[in-house]
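Here the chain labels run A, B, C and D in written order, and each chain numbers its own residues starting at 1.
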């Protein structure tokens, strides 16, 4: 890949001219990221990341931009590549390069080869720390680019999918340095995955289709944190929500939350709109496409675009055309049409802007504080996957509440004693 | 105004080149407008509008396009102008002209002079029937363009705001022909105003801002059908909803629906996002701007852009800049910033695509059937404002249910007798 | 019927000893009936009902007691009989007699003969005004007891069912005096029928069964105001709600509110709990019982106990036993069991306490103000069914808001002018 | 305490005559406890508890009765005492003794001395296994009745409060045998604590007060599983819900769920109805009573009656009277009145019937399977607090789904492989 350079900052981006728009969007997002603002002030003062090179493979959005700027302001030499070919906001990428001097390798709609070449460019940075959203960068480093591991002391991972992969690696003894599963922080997955995915996925689907959800049958595949959020928002917009699951406990939870729960075999015949958020592959596949109603809309908001088996859909189809931006209409050989959104990639980033800044504020505050923690403690940590330390997690929660002007109660001394004891009964 | 002609079809539109995209969007919308499809088939066969000239002043959207095509297919000579300067979808306008041969006068973002010149052009068509969305066309016809009244036999009005104006006109003895208040059909205002406005307003606000609604304080001004829909959707996305009202009955209804209800004076100090849906003017005004939090987002989804007193906001401000498409940031002299969306025009059309086709299907089915009815019965109708005949209203409801595959019960003979009688008691 | 007399007050009640408990419940209800408190103060001062005899046939509850006391305090000579054999609160009846000197003819669980003898006793009072909840009293007066009509100048009717009957009577030319349909006041049917019926019906079903609604399939027959309220509350408790309707407009409304809508034929096979709120008869009948699941729970919250065809259920059954208070288990010949609640009578009064006082406050404020109005205007009114005058309706709404401490906006002069005009457009 | 004997079964209960009613209620509950039915059949066949003496200290309800019968049928010699003085259903106690031969020591409304004497009686049984709901029995055994520990091999604990106490004991090295925290099973706390507490607490409050929740300000203290369920149900009935918390993460979760979150200091001034579900003490105390509105209703649904500081309320009051069953009206010296429900004891058991059987089905299935597990594995377990083994937890979930007729998906071999791997990326 030819690494072009703009104003002496290495990069491979779509168009530096878009920087003006990108800068405004970065600033707009910053207004809702008040916890990160506080951390940034602290980082400017204390320079905790001074001298550390960071290679980040994250969705290149306005929110991520604010994280990168915070790391830079904390003393880090940070570079950024995309964690998904479709999720890059080209204007943001341009502004990061032009206005903030941060190298970026990401172009919206890049092909797979370019995608991986961008990861390679990020690894060329010889990072001390890796940051991942889906574990693609660490996977490349551990397999094809072991040379890049030389300086690495630690890493972070942002998403459920990535954490699952890392745990599998750790189990296989493949992991070469400690990684904090930022995803597993309460202030991350309970919020970002639920309220962020919930709103932004609906946003993505509605932008792509302008489809009325009120009265529609909306099938949510997966009732993890993302699925719970999505189901709740779809119902909030008036849809009749159907949930599919493989885990019996989550399935009953969905039942008791008042949703219809059934197998995908059954749901496939009923749904107007489908969205997968499972972290698994081929959740919608040939056997389901064969049952769907004419005009069904299918989409994915899980990390990878494997949740819908697109090759199988193509095989069933006689032709395909783009009817709206992000809507591909597949004409099946039996005459039915199925509308695939955003090429099966996470629809909230493909056709909308990803999670709103206010919720990414918490996730990225967890990221920033985790990096601070790793720099200080990496030597004592095993080559394994760790949770965000509870005190950091709670600190993010407290800062967020304060930024919202919400006051909560404190334990009285009497209450603290009561909770610590066991002798006081009926 | 220079009426340009494209392929021999009179028009004043932004860019005929956009027609390809517009055509796809018209077809996409058509897929969800199954009641109108049925009526269209009937119109093609029976030609009820044969020989009638229709001047329609409606939002130029993909849904309206399908209505216009239905009227054309029913034999009408129909022309279309915009009912709002910001709501035109330029690609749809282009396709109507190029692909369907329907004259259109509408350009997204046109200034007020152009807006009115477009209405004039529509009146030059010498209509037999007027169609309005906000009563601008009929108002011009009744005041400045009385010549245009010569052939008019009847009209329709789409929206609450327009019906209020028409009733005021009728009261003043100004109305010169019968008009059906399509807005007042149950299958219109209970659906379009509630589910349509609800979803599309949220869509417009989220597209404009990417703001997280979960946990935000969302102020809905007005608890009519639109307000009820909007409040319900805002809550459905996790917002804490605050309602303001001037009508005590609607106010208690909002209270019992679990919303906070208060004066705008109080709400102005709390809200993160505001949206007006009142049909009234200056609902947000100087006294409220003075109380708002730094960063407050204000928007309107009522018909006219008078619900927010923008001149007053400008007077309070030292500067103004556009931070995102459809977001104008006003810097107040006291240092606070207020973000105005879509220049105060109906945000669901300004930054989103207006009501989804599935709900416009019912409203426009009411329009089409009302035109059919007016053509047949206009001679026996007074110069007043009428409701959509109940049998048409119910017919639309039945067709919609059928198109959704929903079956409902029928009265048994025994039940019919019971409901008609009064002797059977405890 | 032997009219017994207690402390010189004519009555036929279960047990005067229960008066202590009844008095407390009347006082408890009074605390939440703040609008009625205000009206009562005014009535005490102005004595608008001085010299008028009132025969009221209403549910004998703590809320009704407060209305009767208000009428008495306004100068009326009022007597009360039950409007349903199962809805009487015997303790309240006792206290009305003993503590407030108001004659009452009502015993919870009375048989049909006693029920009608109580109505006769109320008519023996030679009323000037009749008050009905279901139109049983007026029906008897117009048929079997025409003598009782001698002094009658006007009446009121509380409920949808009664209004339907009265309109049928008026159509048949049977009505002999003007009646205000209190039910049709906005402050009545939009609140009492929705929020009152919603909560109290759920309360009745849960008290009778202790059945978990979360995850249960709850079938609501009828999507009028009562049905909307009930469906909303059932969903609010986690049920998957299924709605049946005969009206297509209401049916689509239910669809767009996110409920499943289907024929009762289909719903009968799915439901765990059924509740009818239609105002019609035989809504659940033989053909449905035959399809229900083993253990299905069926109930009614409509006015009369004809909504469930109990004779048909009995015919299908080989035996019947009471398994809990208000639960009759029917063993069908095919082995299935169906549980009928409260003998098919309105379950919110049979096994719970009827509408909470806070919502009856509005309905009964409408009643009291309507009586005041009728006494003043009856001479100018035709023998027909009237709405509550709008100014009374709004007055009740305003008083209710004030009692809740809720402040709302007032129109500015500029806004009033705007709403009255029509010339201000885009 | 004098242990009376009925039909040769040791007991201390209110009234054996109530057994008929109790038997029906036990059978009614059994109909909704289908998982326990399956386990019972297995227990009857395999007799896993043959020869084990069990002393259970649980709420004596119809659902618990079905658990006790299951244990008996599995071969155990089980006795039962109450885990709360107000929660006993006397009719159920009578039937357990008379119809099922199970010794019961429990009388609804018993004083504290009797309460503890009943625990003593249960310990006199010389148990091999203890079952607790709040850890009162194990606490007595570990302190005042160490003799009773002689045969104990293991125990279970049902509730959050008890688990907190047991963990404190374990930390202090006090625990003498392994205990399974049944509460911590997913199929327990995610369901029973949320959907069970949610519905039954609302049920208890409404039965006690007949108060309209629509439009009321409902304050939920604590946003754990119980609080989440309660808040959701209160909103579902139309209340404006206010949440108080001490934990910042839970507090933001409540904010993002759309609730108002504030300190109790602030909430005390706004609330119409309060309910504590914290597991802590003095959550409502003097400083809050001093701020409450006249007529405020306060209640608790946490395990112990210490969440409301009743002595402080009494000190502030000049008098107290019972205005309805389970409603004590405290007249404060400043003239305000505060209504305390159910003496501050868990209101869902005091004035309603506790969790519905369908949800207890899962909790008690966990109990039964845990006992089976403990009997088989107690020798290898440390003297600590354990989770329910995951395979048991999932088994309960699967059985529950099956009993509801809900089908879910299974992983395909391809999916299993995908989830186990890490190499497949973007």
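The rule is short, and it goes like this: contacts are C-beta pairs under 8 Å (C-beta built on N, C-alpha and C of every residue); 3 or more make two chains touch, one makes a residue touch a chain.
Treat the numbers as computed from the prediction; the structure is a model and nothing was measured.
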When each step joins two chains that touch, the fewest steps from chain B to chain D total 1
More Cb-Cb contact pairs, comparing A-D against C-D, go to A-D
Distance between the CA centroids of chain C and chain D (whole Å) is 37
Inter-centroid spacing, chain D versus chain A (mean Cα positions, whole Å):
38
Counting only residues that touch at least two other chains, what does the list for chain C look like?
195, 214-215, 235, 238, 252, 255-256, 359, 404
Within their complex, chain A touches chain B through residues 24-25, 27-29, 31-32, 62, 195-196, 198-199, 202-203, 206-207, 209-216, 232-233, 235-238, 295, 322-324, 327, 352-353, 355-359, 404
Over in the complex, which chain A residues touch chain D? Could you list them?
83-85, 112, 115, 134-136, 139, 143, 164-166, 168-169, 172, 174, 186-187, 190-191, 194-195, 244-249, 251-253, 255-256, 261-264, 266, 279-283, 304-306, 359, 362, 393-394, 397-398, 400-401, 404, 406-412, 414-415, 418-426
Complex contacts: residues of chain B adjacent to chain D:
214-215, 235, 238-241, 252, 255-260
